[in-house]
């Protein structure tokens, strides 16, 4: 555990002197005070977009306003955001990954528990994905749970099979942003605007997008946890 | 197709395009390079000849390209522009031949000739600039394209000389830029106009105009090597001889002097400038530079350095003529632009021949060299006497008109400066001539074996140019009164551009 | 083809390209180059569209602001998109020679995502959308910086990442304040609604500080030199030419539309910091002994010039902004060329110690030429884009009697000349050879040279470019806004 | 003043604390954590102010923004952590030394 040792020894390195701390704390405090004042100066009547969202909710294909904003009204942000996630993984892979973690062989308890927990997690993810249309939930929540399952698998020593690590894995990772881009282009061609869903199919299309995104998010987050290209370590 | 609007551009392109092509040529393609160089030089001569004829017959040539909203790139061939264009074009042809001979077999010739062509491009651009921004553009291009020639040899000394050169010229350029922009904000135009365009700026701007004049002159004075801005010139002598000859005797320093003429006559207008009280200090500065340069030249043993200080001194004759602000003195100053060019390039060619053929760099090594290289030293002698102002060589004409002009303008003190300078010229040139012709030659020359020219004095490409230019220098003096002589042309300029009714 | 949605193509194409490169790394180089070319064509198409039909606006999802997100392009956006496409194309060609096969497979998808982020950023009309594009751009830039994996690169990337994240958070805080204060994140609507309340000022303080940090304006430039100097040469070119300009662009947009009309005074601070950046950056550049650090500090100085336009534009308006846009444009081309040239020298001699450059002018004439031409523009000497920008800025300064700014600009130009010729001088001289020279592919030399030539050619294109810039009147304060 | 403002003030507090820690600490892990704390502060402000009207359904737009923000923050944190680990592996310590210039 080379990295952990290094992190601990760093405590011995020099720290900021008390005077310096005060010199830094003062302007930070001033910023805090200023911002606090600003916070209190907001009027309780919000000029936000609540009303408009509510008005258009019926045309959005979902009944959960947050999902409506995320996938429909501001779907373009979400498109870019799925790319951000993929990009982070690309960045991590470009760095060549981190040192190998110690391989642990899970004991019988851990092994059987995780076997039990895994289907549960996947089920929960699926539920969250589905429920997002009308209640809190959605692709990111579902994806995170899926990622939790993935992390659990990794921690118990499971590794992706080498044959699946190349193109198939990449396909899943790209599925979310890819589906978004595809959807964007198709809606542009058919409806004339980027991500303008045909009203009658909006719900279904959003679900398709969210499903693809869930898989991508789950796998990407797991990949980020792993911190390296799976193929590499298998070959080694 | 309006050919008249195209010719000034073609004159610029006739050296720019060969230059750019030469950059791309492989080092060993000597013949292609020579053909391109001569083709460019000759086509420029033809174009300039065409324009000379046209301008003489009251025809004007002008190219305009939009540079910025409200500001154009203007190339205009009037009489004054053509004076400088003709000088540069003619001497470019001669120097190209010289350089081909001088650099034979040496490395990096593609680079050398490429930048050489760029320099000439910049010089004719400076000459034909029709407004200050165009002038500035080519003036800076001249700085940039001469730098690689100064550091051409790639020694540490050359690099340092290059840095010095840039430090002076870019600083000058910055001052010039400041003056130009400032002027533009006051007048809203930068177009060179006979009798100047600043008089419309209004009385309240007089102090600002004096400052602007100082900024512009300081910017130009660097290249014209006015004291105390002359420090780069002697150092730049580290460059190969053709560079010293064409650029540091003709193109670069003359660009500065020519710019001063433009500023005094076509930006401020000589009457307005006199009214501002700025011409007198300029004349004093020029006079000081004349004397100072001559004095310093006296103590140089390195031949090229002595010539460099002589250049510093001689270029200020032009500035002096302009600053005296009378018609006759102006004729003297302007005609010196040409005369000094012819004489000084002859001297530098000869210095190059001595260095290239016999390895002579110092005056103390020149004993008896006249017997070894009679043609070269004959040309040198003509140049030297011209510099001193001996009739019938061209230099005499310049000094005569300067002196007469000074008396005409009521500035008698100038005569003393001229006389003193002539004495000093004699003091630093005559010993050289004496040593070369009348002293016994040494047993051997410093580096004679390097080139074996057999019974010839030196390579024909090295010999021909100084002989031609020295003959021209004599001709310009003897035939000063025939049409199309430099003097005649300068009178035309004074008549048409400066003192028109 | 009047209806072709060029603006959308500019975003979707590199996104799709990046994903395909990720899926099938083998096609990376070919696909990447094709995408870059297609992006350049699309920018031309968009330019034609703007000229024919005026500003471009697209309501994503068909909702329209404030509920939906709009894309918007005017002359200013077009200019930024165009320079991005040009530099991108140049760097793309360069990278074919620079990267090994494996490295290029890592480079292309990230760069294409960065390209998409930049295009999306220049087309955005929504401050939250801008935040997302900023983050996309920042992460891509950091990932590219660390591509070599060397100690210096990792340190540079880490510092850069922390700085860029801090900047983004400050920006996001500002977005939060503006949304809750004025009920929209659309720039155009904010421009109408925002008044000189403390909320607006706090938002501007946060967003401005964040963006200044990302733009590396003095004294918040500390992260830039190590990152730009340690990244691979093509990446340094992208970072210095485009990425810092992108955050500057947002700041400028916000200023022109939302914050500029509120009050006077802040522009003086911008001007002051700009002046200090010029001096400090130039002096530091002059002190450097390593070429890439020198160029990186030069970027710090050149960013300063952009900020000089703020005080000057208060009375001269469009002409100072034109000058600034021109400086940004020519700096992008020139600085990209410089970093690429530095990459060639590094590849060739195995080091970038300035004093040990060995007769480069003979051995890599195209590279030396590229560096010199780019230098002409950086110094602001004619004829070059840098000169045009400097001329206009100087004119504005003198017309208003801002003598300090004029003086700093001239001094900055001289210092720039000093550090550029410090390099050029050494390209002529001989040095002890410490490393066997390595051949440099022609694509690398030509890419640098062409970009540098572009910077010089800009000196003759001012009029057409200014007329393009004025599409949509981006520079009239209180005027038509996104 | 309703409780929403209290949460907003807590958000400001987190932001400021994070900022302070980011400047003060030299260890990269702490710096990365500090950035995350700052991020949480901003998210909290966004969410809290969305509820300040006291209506049953808070403004959904800031919620969507926060979800986007969180994903971005996760991505950035992951990249930062890997970068830090690489740096530790390469240099042996998890700090950005100021003697940058010497090493270059």
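Points to keep in mind about this one:
Per-chain numbering from 1; labels A, B, C and D assigned in written order.
The criterion applied here is as follows: contacts are C-beta pairs under 8 Å (C-beta built on N, C-alpha and C of every residue); 3 or more make two chains touch, one makes a residue touch a chain.
Computed from a prediction, not measured in an experiment: that's the story for all the values here.
The chain pair with more C-beta contacts between its two chains, of A-D and B-C, is A-D. One inter-chain figure worth recording: chain A and chain D are separated by 16 Å, centre to centre, where each centre is the mean of the chain's CA atoms. Taking each chain's centre as the mean of its C-alpha atoms, chain B lies 43 Å from chain C. Computed from the mean C-alpha positions, the centre of chain B lies at a distance of 67 Å from the centre of chain D. Rounded to whole angstrom, the centroid-to-centroid distance between chain C and chain D, based on C-alpha atoms, equals 27 Å.
Among the residues of chain A, those in touch with two or more other chains are 35, 42, 46, 48-49, 53, 74, 77, 81, 84, 87-88, 91, 95-96. Chain contacts: chain B has no residue touching two or more partner chains.
Residue numbers of chain D whose C-beta contacts span two or more other chains: 15, 19, 45, 49-50, 52, 61-62, 65, 68, 72, 75-76, 79, 83, 86. A complete list of chain pairs in contact reads A-C, A-D, B-C, C-D.
On chain D, the positions that touch chain A within their shared complex are 1-2, 5, 8-9, 11-13, 15-16, 19-20, 23-24, 26-27, 29, 45, 49-50, 52-55, 57-65, 67-68, 70-72, 74-76, 78-79, 81-83, 85-86, 88-89, 92-95.
In the complex of the two chains, the chain C residues touching chain B come out as 359, 361-362, 365, 369, 376, 379, 381-383, 387-388, 391-392, 394-395, 398-399, 406, 410, 413-414, 417-418, 421, 424-426, 428-430, 459-460, 462-463, 466.
Against chain C, in their complex, chain D makes its touches with residues 15, 19, 22, 28, 31-32, 35, 38-39, 42, 45-46, 49-50, 52, 61-62, 65, 68-69, 72, 75-76, 79-80, 83-84, 86-87, 90-91, 96-97, 100, 103-104. By the touch criterion given at the top, residues 34-35, 37-38, 41-42, 46-49, 52-53, 56, 72-77, 80-81, 83-84, 86-88, 90-91, 93-96, 167, 170-171, 173-174, 177-178, 181, 184-185, 188, 191-197 of chain A touch chain C in their complex. Across the interface of their complex, chain D is touched by residues 128, 131-132, 135, 138-139, 142-143, 146, 149-152, 154-155, 157-159, 161-162, 165-166, 168-169, 172-173, 175-176, 179-180, 226, 229-230, 290, 293 of chain C.
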